[in-house]
Amino acid sequence: MEENFEPKILAYVCNWCTYAGADLTGTSRIKYASNVRIVRFPCTGRIDYNLLLKAFALGADGVIVSGCHPNDCHYTSGNFHARRRWIVFRQMMEYMGIDMRRIKFSWVSAAEGAKWADIVNTTVKEIRELGPAKEFSTMNKEVTI
Amino acid sequence: MLQSSHHEDPSLAGLVWTKTGISVERCYQCGKCSAGCPAASEMDLTPSVVLRHLQTRDADSEKKVLSSYSIWLCLACQTCIARCPMEVDLPKVMDVLRIESLHRHLVHPKAKDIVSFHTSFINTIKRFGRLWEIGLIGEYKVRTGHFLQDVAVAPVMFLKGKLSLVPELHRKFVRKIFAAKERA
Amino acid sequence: MKIGLYPGCSMDGSSREYQESLRAIAPKISLELEDVKEWNCCGASSAHAIDHALSLALPAKILAQAEAQQMKELAVPCAACYNRLASTKVELAEDEAMRMKVAKMVDLPYTGATSVKNILDVLTPLLTPEVVKTFPATFPHKVVCYYGCLLVRPKSVMHHTRMEDPMEMDELMKRIGATPLEWSMKTECCGASFSITRTDIVGTLGMNILEDATMRGAEAIIVACPMCHSNLDMRRTEIEKVSGKKYSIPILYITQAIGLALGCSPQQLGLQRHFVPAKIEAKLKVQQTTPAAAAVS
Amino acid sequence: MSRIGVFICHCGENIGATVDCEKVAKTCACLPGVEHSVDYKYMCSEPGQSLIREAIKEKKLDGVVVAACSPRMHEPTFRKACAEMGMNPFLCEMANLREHCSWVHAKGDATTEKAIDLVSMMVEKVKRNKPLNPIKVPVTKTALVIGGGIAGIQASLDIANAGQKVILIEKEPSIGGHMAQLSETFPTLDCSQCILTPRMVEVAQHPNITLYTYAELESLDGFIGNFKARIRKKAKSIDETLCTGCGVCTTACPLKKNPSEFNMGLGTRGAIYVPFPQAVPNKPVIDRTKCTYFKTGKCKLCLTKCPAGAITYDQQDEIIEVPVGSVVVTTGFNVTGTDFFSEYGYGKYKDVVNGLQFERLLSASGPTLGEVKRPSDGTVPKKIVFIACAGSRDPAKGIDYCSKICCMYTAKHAMLYKHKVHDGDATVFYMDIRAAGKGYDEFVRRAIEEDHVNYIRGRVSRIFERNGKLIVRGADTLLGAQPVEIEADMVVLATAGISNPGSEELAQKMHISYDKYHFFSEAHPKVRPVETNTAGIFLAGACQSPKDIPDTVGQASAAASKVLALFSRDELTREPVIAVVNRTAPPLFSTCVGCFMCQTACPYGAISREEIKARDGKILKTVASVNPGLCQGCGTCVAFCKSKSIDLQGFSNEQVYAEVMELLS
């Protein structure tokens, strides 16, 4: 694994819980690794898992998907749909040769600022150990959506 | 638990923290311990007052506690901790205070008897491995000078077969322990 | 049932009758006792007062010895010893550093594998209604059950669900035909180790207990702790000195009460050793003919 | 080629100190499509905003990215600023440089790099933003009030008197709640029922209030302005339309010995009963768990005796569904159970009672008609000990908080007792006296100075019985915590106020949050005290935390005013973040293939089938279509759509993919 490798990590989060939670991390001034870039969605239910493929296709080293805890979804059931679809998708991604350790699925509520910092830091640490994602480096960057 | 506040705390409260992990700050002085303590009426400082003194972290207050009779009157009956709303384990605190009081030679004059009893007890165990009543009472009387105490009871005990005149010797069972204790 | 036994010092001395009565009833309720070898004093109420490490090392030695004898369960009839052993187990389980320190002192492998049982833990499962049915006699007396401190406290060690109002002893007494009375001193302190140093305190606390028991018309106080027993029995004169009243109520070990129901003689149960004469008898069941021992075996 | 304006905010030191804002602005200036890029100390300030407004005018911008704090903070501010210049507000996006960057990372290039990424990502998004128009949804102008205590009564009356409709549901047979049980109220000592019952009657008679007693919320769906509530009307076993409330049945019922809930078990009631004389409605219900007929099929005495023929044994629970625009939760509180204080012999000694029980003993309508008598033998207690903080502020018993009302009602109890039993002796054990409130501390002083209530600072360790007396072992912490022993005839425990059983389930039904003690949580402890975090649902009274009557009434009126503010509008405007099914020219009409996966995914049933017909009415194609009123914009349907025909405005596939691709380019 190469020296001082800085992983590129995307975070797909829902607006009501995890995005707000990450805001709380900020307001409570908890520091975490700057490798992560947050993409905001209204709900985890909105997250199309093609977006994960796209991310890896374009050279992301890891992706975090995070939303409201079960039963706390702002839209009552979006996060359940996300989880259900995820179960189906992960097999497909494994089949496609994506290292599942590069994908973190978690629940972070608007009150869990510290937990968010935690998740980011552990993910960054783990991905560092895994090294850069090579699986898709050869693949054509223009995956159709 | 106010763990951080005990960081490098030289006070007696700090000692209690390091020895037992009990934070005296937990106590909000409701007095439930003093209310239930079977020995409270005999005490110069009631249990909650002892804790209050610790909270002050004031040298004189701490001296007052260590030289108090109370810490020796604690029966370790556990009534206080059983009912304490803040779950401050007073009996454990008392153990720490007693040991520290001995350590700093601040034992209350009236508590000498009690200390003598404990010491005699430990010595009996050290010598015989088990308790030997006559040995214990004997040493206790020598230490305290209460020669006439229990002259009435002892013979009856003997007659009822509750006292053996000669000790059984089980010293070897505890030799290692006391040796280690000495070394420490 | 086979179980380890740690008698403890008092049961060899001042509370000899407790041990005698236990050993007397054991075979009759198919309880097989295996003594811990080379046992030492648990440090009682003195060790912890002046030397913390020692107060853990002494019980740890006993527990280690029991482990060496592959005892899964260790019966500790003396409530005081039981409390020391149980507390030690908990503290050593929680405090790694202390466990190391104590291990050095004891110089015997200690893992905490042996579980510690008090007399009530041991008797309750044995004296099922079916078993008691076969007893030759009943103990038809009004009694109060005195648990004292050490069987129920502290919470962190005993995890007792009815700390303020325990019922195990009352239940056992009911089973042998006694009438356990509701009273207020079940778990009050008797003065414990002050029986020698502060007899006056023992006097006052003892008085409260005897007063409440007699006031409620109890014929006997049932105990499971040598310290409680000696304070209430041997220290009767001191108690009476404080209260200025005479109390005739006898103090019985739970094993003695059960022994009487099992048809043991007062001698076997060591009743004659009490300071306060225990003139209290069991009532033979008329229909009961088969000898208890045979019946239960 | 788009003309985007980028505005980097320093937020004073908050961003400026960590992120090199100038560099960010410079770098972003070179991004394709960026026409204008500046940084400024405070973008949200008036000069900051006018900076944006002028740029929009001069540079003819068609998109704006403000890189500052979280959009959850200032998105409305900046969108408004843009709108003022005639730009569609939804062409303005924010990059979160504060909460997600400067506050969580150390100063340095990496952090500035991230800032640049976040901005350019938003630039790419904005390029693809479409002008959107806010959506209007109608407001159902009926409020559902859950719980008929003083809070529910107050809220209902306020809303109803303002001319709006109210549905009030109460799970007990009568409204009134705990206040109806109280004797007199601190600090004025006016009779509780005298001030409450007129309001109870007003509720029953109010043309705008529909009252359902013996009813509970079954489920709640929908959203602000448009909830759908299902209410279970438990079978009362009487026909309310026929029942005249004459009371013959209750006197006829042979089972008189059931403990009365209203009298806290100190009085009794029949199996068919009216909870208390002033009950509203003053009509009985049959307690099927007690009634002999429901157990054995025999008795039927009430049936035979009822002159109105109103007894209906075969009545079933009824579930009704009502549309409501808003909900006010006023379910109140409870007090700790009897098993809670073994050391105080609570539940074992008859004469150790809790505060609510003592209220009943003091109340003129109570089981003793207002005479203080011992529950055990009916004698008048000459010595009463009151224990404050019985369970409150007691982490060992799992209740860390202060119940707030006990100090005051304990003082009141002691005072009223002294007024009724002049030679009586009242002692209060307390830890602190918390009498913050108008006339409150004066009230406590009066109890101490004028009524000579004996206050001892210390907690009681144990209570036990000796010769029919209750021995109370306490300590006086102001005298070195020396033990105090009192021989009392009666003991009153100011037991902790706790949340009602089942409040957790109720909260989940309504999707509102609750704390670890199962009290409902307000949206903000300071500035949104009566809102919940679910729009359109409000809180009042002790269901949020224990509180006294004035606080409760105040909160209830506050909640009512929130409801009325909502009802003052005929429709609500919502962010147009909703799903749309694309439409194309014939013959395709839409890429939608009509699989209707979206329909199964939608939590709001907002998606329906739409038939595209030819002129002759022949159905050409059936596609999905979204009801903008119902769609909440979660976008679950978008993720489900195989043909990518349904998309979410504001979070369109085009937009989010652009963001991702920009980040990884």
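Which chain is which? They are A, B, C and D, in the order written, and residues in each are numbered from 1.
Keep in mind that, in the parts below, a contact is a pair of C-beta atoms (placed from the backbone, for glycine too) under 8 Å apart; a residue touches a chain by one contact, two chains touch by 3 or more.
This structure is a prediction, so every number in the text was calculated from the model and none was measured.
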| item | value |
| --- | --- |
| B-C compared against B-D, more contacting pairs | B-C |
| Intercentroid distance (Cα basis), chain C paired with chain B, Å | 23 |
| Chain B and chain D: spacing of chain centres that average the CA atoms, whole Å | 53 |
| Centre-to-centre distance between chain D and chain A (centres being mean Cα positions), rounded to whole Å | 33 |
| Rounded Å distance between chain A and chain C, as computed from the means of their C-alpha atoms | 62 |
| Residues of chain A whose C-beta touches two or more other chains | none |
| Interface hub residues of chain D, defined as touching at least two other chains | 343, 462 |
| Multi-chain contact sites of chain B, meaning residues that touch two or more partners | 79 |
| Interchain contacts, given as pairs of chains that touch | A-D, B-C, B-D, C-D |
| Contact footprint of chain B on chain D as seen in their complex | 343, 389, 393-397, 431, 457-462, 473-477, 480-484 |
| Contacting residues of chain C [partner chain D, same complex] | 162-165, 184, 212, 215 |
| For the chain B and chain C complex, residues of the former touching the latter | 19, 38-39, 42, 72-73, 75-79, 81-82, 89, 91, 95-96, 98-99, 102, 113-115, 117-119, 121-122, 125, 129-133, 137, 140, 149-150, 152-153, 156-157, 160-164, 168, 170, 172-174, 176-177, 180-181, 184 |
| Complex interface listing, chain D residues touching chain A | 70-72, 96, 98-101, 103-106, 110-111, 113-114, 117-118, 121, 508, 511, 513, 577, 601, 603-604, 632-636, 638-640, 644, 648, 650-651, 653, 656-657, 659-661, 663-665 |
| Interface residues, chain B side, partner chain D - complex | 28-37, 40-41, 45-49, 79, 83-87 |
